[in-house]
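The block underneath contains the structure these notes are about, expressed in structure tokens.
Labels run A, B, C, D, E and F following the written order; every chain starts at residue 1.
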Amino acid sequence: MARIDGRTADQLRPVTLTRKWLDHAEGSVLVEFGKTRVLCAASVTEGVPRWRKGSGLGWVSAEYAMLPRSTNTRSDRESVKGRIGGRTHEISRLIGRSLRAVIDYKALGENTILLDCDVLQADGGTRTAAITGAYVALADAVSFLRDRKALKGEPLTGSVSAVSVGIIDGAPMLDLCYEEDVRAETDMNLVLTGDGKFIEVQGTAEGAPFDRDELDALLELGSAGCADLTKLQLESLS
Amino acid sequence: MARIDGRTADQLRPVTLTRKWLDHAEGSVLVEFGKTRVLCAASVTEGVPRWRKGSGLGWVSAEYAMLPRSTNTRSDRESVKGRIGGRTHEISRLIGRSLRAVIDYKALGENTILLDCDVLQADGGTRTAAITGAYVALADAVSFLRDRKALKGEPLTGSVSAVSVGIIDGAPMLDLCYEEDVRAETDMNLVLTGDGKFIEVQGTAEGAPFDRDELDALLELGSAGCADLTKLQLESLS
Amino acid sequence: MARIDGRTADQLRPVTLTRKWLDHAEGSVLVEFGKTRVLCAASVTEGVPRWRKGSGLGWVSAEYAMLPRSTNTRSDRESVKGRIGGRTHEISRLIGRSLRAVIDYKALGENTILLDCDVLQADGGTRTAAITGAYVALADAVSFLRDRKALKGEPLTGSVSAVSVGIIDGAPMLDLCYEEDVRAETDMNLVLTGDGKFIEVQGTAEGAPFDRDELDALLELGSAGCADLTKLQLESLS
Amino acid sequence: MARIDGRTADQLRPVTLTRKWLDHAEGSVLVEFGKTRVLCAASVTEGVPRWRKGSGLGWVSAEYAMLPRSTNTRSDRESVKGRIGGRTHEISRLIGRSLRAVIDYKALGENTILLDCDVLQADGGTRTAAITGAYVALADAVSFLRDRKALKGEPLTGSVSAVSVGIIDGAPMLDLCYEEDVRAETDMNLVLTGDGKFIEVQGTAEGAPFDRDELDALLELGSAGCADLTKLQLESLS
Amino acid sequence: MARIDGRTADQLRPVTLTRKWLDHAEGSVLVEFGKTRVLCAASVTEGVPRWRKGSGLGWVSAEYAMLPRSTNTRSDRESVKGRIGGRTHEISRLIGRSLRAVIDYKALGENTILLDCDVLQADGGTRTAAITGAYVALADAVSFLRDRKALKGEPLTGSVSAVSVGIIDGAPMLDLCYEEDVRAETDMNLVLTGDGKFIEVQGTAEGAPFDRDELDALLELGSAGCADLTKLQLESLS
Amino acid sequence: MARIDGRTADQLRPVTLTRKWLDHAEGSVLVEFGKTRVLCAASVTEGVPRWRKGSGLGWVSAEYAMLPRSTNTRSDRESVKGRIGGRTHEISRLIGRSLRAVIDYKALGENTILLDCDVLQADGGTRTAAITGAYVALADAVSFLRDRKALKGEPLTGSVSAVSVGIIDGAPMLDLCYEEDVRAETDMNLVLTGDGKFIEVQGTAEGAPFDRDELDALLELGSAGCADLTKLQLESLS
């Protein structure tokens, strides 16, 4: 079955990772999954949040947001509305959790790395692009700390990438663009380590509930996609 | 391996569903999973939100919250802080999505059912208890509409229940209490239909990433737990 | 003149005080005045607010809120609106002030007791039920501190109860339910100590202004009602 | 017993009511109770709030606020804090309720009068000065509507004034200034109609609970004070 | 060309500066530019904001606000809206910046002076009246500190006044009232020191863009107006 | 006198205007003034804000914001703080006002164009870069409407560009980078039309007040800079 943009069911969109896109940030990546474009900036600060002081442990956190005209029709700014929406909260928490899964807090020492993931343009899969790009920015921020001899060891215990999968007209597909995402009966986001273990599995029946066979097919497809992304991350960082 | 409260790995805590706990609400259930106690109230209103008017379709939504002293140490009220936290948003969205998966909007007609799930006491699994109880309150609210001949057909296409599963010291366990939840390496919430299909699969590696075998074991355990909850829901409603 | 529910003018609704309704809180009471049901939880914390530190004095405070579907028609959550309404503020302040009237801060030592009064179901008189129940939860929290030898003396200088009175069709009546409250020309809330002194007198002409004779009749009726409530509190605590 | 400023126990501070202090407002009064200075502005708008439209009835409401440096030490602006405090809410509601007690909504027609009471300088009794001044501004706003033939009858069914009373060192006193207010064991605000009936009775035991005799003495003292204020209002308006 | 109120193009409205209008504030001025009436209160506090502690330097800041009925039609309170509007922010910042231009922070020592400028009645030029009045209140607050020997030297390096100028029907005019302001094609606010130097120049083309000749004419007119205001300030302070 | 980056006093930084940087927006420009990088997106919507409906007139507005890590040290998000700061408000208003100065509302018809100016990287002059880029995005959005035959005439009455000027160590300089901006005694932002008329003149004495000669020098320098920017805008659009 042909996809909207001619890809096969198990094919990623063209993915690019442009490192050092910003001059000030300790790590920064402009990540693109097709037309989806997310700017990931890693900010290093000495010290940790108050509740963690004196523990000897570091901290990694993330904030996700969309520019108002990243989408097809403009959305109001959350700063203007005075509130952060549920979806924004949810994705910020997901990105932070995903990155923390490969962090050794002790080795990081009492340093904080905050990842800002701002969607400049959205065409589906913004959260998975954000995680994939944020990992690379995080790795650069860790290098920055290593160069300054501010670490207590190697804080990265692995790498992280993420991809979306979904079922469209009964067929499992990898890395959905916006138009596909809207049509998907089931939508799943997978976050995996570079060695193929699961960090997050979030599947939602948008249309009809899905059975175990469909679930298994999605897990296979997403695992393969993350393996491809892992390679691209390694190339970018080498 | 013995659990804190003497249960076997695949055993639910004592579950009770007390219907009609409130006098005013069109449906209401006090659901208890062990010490976890959630008050689910279904409110029926004629009409639908503005963006849905004139569509002939109904709407179902949910709001989740915790009383400040439902937890071991008191939390500040979100109304006092002036903001709803990310976790609250996330769970409210999850409950709404889960219930909508078994709703035929057309049959519901232009009516709205809002489920308020307020945690009176928390001991782990508040979101899964909330979904399990909210389904029963929803069913009662649908009956209320049926009695008033305000429906266009049968809006419930199935039933919904939810349970948490997790891996503790390497062993998969069902329906974690708070103390177990804190110790779990992996934490997963499963929402299933009464006929055993998946609505939501949300697995998170809190400690170490998990492999495919562990994931499969959790899916089995949770599916069996939801089957037990489905029976309790049916008994309660009959 | 017969009342809606068959009571005499000077009769309270059935009042129950269920202690230890919660497992975590240092004191907790589910108080019921007829269909009005308020969950009062007392939380003890070592230390006092910043402005009181080092004074050697304790602090007692209260927060009141209503669940969205405690009322006949659902109200929006104050957490969702992002603001606490004037009525909520006013009642929270009233409960705190009423309880502090029987507290010896010095004997309490630098400890804080916070009373959460959450209305699970509302049928008139929620603030007076809250005060009456909160006193019992407070007494249990004081016992908790006494057992831990964390007090400097006996912090309770008396007991507190509260009741509403009003004039309906020209006749003074005790403990109004919601339907009566709506019809009352004058509405008064009285907070008294166990030995019959006044802590708060709040009378409002909803319809016509009231004269001195009417005011006197209301004060008599309410004082008698509070004396009855004091007995119930003592029984519950013994 | 001599008072701080040489008054007798039953004596008001010098009271002035300066009408038409503003050029734009339909009614305006600068009211002074000693050093307490409140600017009351009445704004007339055609129409009523949405929930009252089509009822043929008018509406009267009030907002109270303090300038940041009206007090001895500067307070932060509520606009800067982004929240209105409980006290402000409470007093705004009290003023509105007090004025509405002498309004015939039907005679007012579908017009709204909003009273802004801004405390320019505070020295105790700001809420009672505000009510006393606001009544005069309200009367002027009603005259404005009468001149435009926008009324359906006479909307004012009486006049309203207010005064504080308190017990200091065991003695009841009228119209407390700030220094007295701080020392008062019991503090009561009384709102009366021009013909001596009660609209609001709000008594609070700040120190020790008060008995019935003390309560009676305060009611006598306040009633006499309001009678004096009523005379001043009539003079001002004639 | 005759102006609305009979003034010549280069004539100020009647200006009055009433010092010590408040009893509590360390400096206070009721400033009037025609019907525009602004209450300026200077509050002195020992110490400086956190970011400036230990620097040995003082701080001066300002807050501007309008009473809801200062204008022809009532505006909603920013405290009620829960947000400060852009215009309010902008003017508060302008006033603070203008006053700081004549402050020697070192001579002020670690003291803070906060200027509250509350518009009681608005008829154009509220921000320039506020700056002109605030300078006088500031000078009184400095005297207060001088009397207490709390200064390290003379903190005032000069005086500050401000005026609006504009082009109406092609003609430059000084000190616009509201009706003129609405009609102006170009609107400019000038803040000058007592010796005729510029602190702020803010010109905006409301209607048509302006050329260099018009700009020069406005600068001349405003400079002369500020010289007049400087004289009035000096007289008031002597 | 050599500048930090080797420019002469009257030289702009390298300026680039990359049109159509976004796929969805009706007009979009990535504008760069040296390291300052602002993404300007123009969103066209049919219809106008409520207060303008039925007038036959269009509307143009702008919103400015900075990404948290656009600056040297990370700033908190305004959406997280729940409030928009004064500076953001001020600049948003300035951009909107500047663009509206070249708009014929009647020719625009009842259409709205909203300019989002998001600073991706900041190195001084973000507001002037934003205005300069936003004009180009606006021109593209107008072309979009023209192509759809949705205009009533030619809405652009001219072009707009903006530049900062300042006095550093006594010497006037054009287009300050951040390091220069911090050191400037006087800071001025100029907004001019393509034919050299003034839309906005905003000069502020950061250090010492400035005299008329200095003001004149800054006006000359800025006018020449805007003429250069106008040329770049025309080239980009042709």
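As a working rule, a residue touches a chain if its C-beta (ideal position, glycine included) is under 8 Å from a C-beta of that chain, and two chains touch if they have at least 3 such contacts.
Just so it is clear, the model here is predicted, and its values are computed rather than measured.
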| item | value |
| --- | --- |
| Same or different residue numbers at the chain A/chain F copy interface, by half rule | same |
| Chain located farthest away, centre of chain D as origin (C-alpha) | A |
| Cα-centroid distance, chain B relative to chain D, in whole angstrom | 51 |
| Between chain B and chain E, centroid-to-centroid distance (C-alpha), Å | 59 |
| Gap in Å, rounded to a whole number, between the CA centres of chain E and chain D | 33 |
| Chain E, residues touching no fewer than two other chains | 82-84 |
| Neighbour-by-neighbour ring order, given that chain B leads and chain C comes next | B, C, D, E, F, A |
| Touching residues on chain E, where the partner in the complex is chain F | 83-87, 89-90, 92-93, 97, 101, 158, 188, 192-193, 196-205, 208-212, 215, 219 |
| Contact footprint of chain B on chain C as seen in their complex | 22-25, 28, 35, 39, 41, 43, 45, 63, 65, 67-74, 77-80, 82-84, 88, 114, 116, 118, 120-121, 123 |
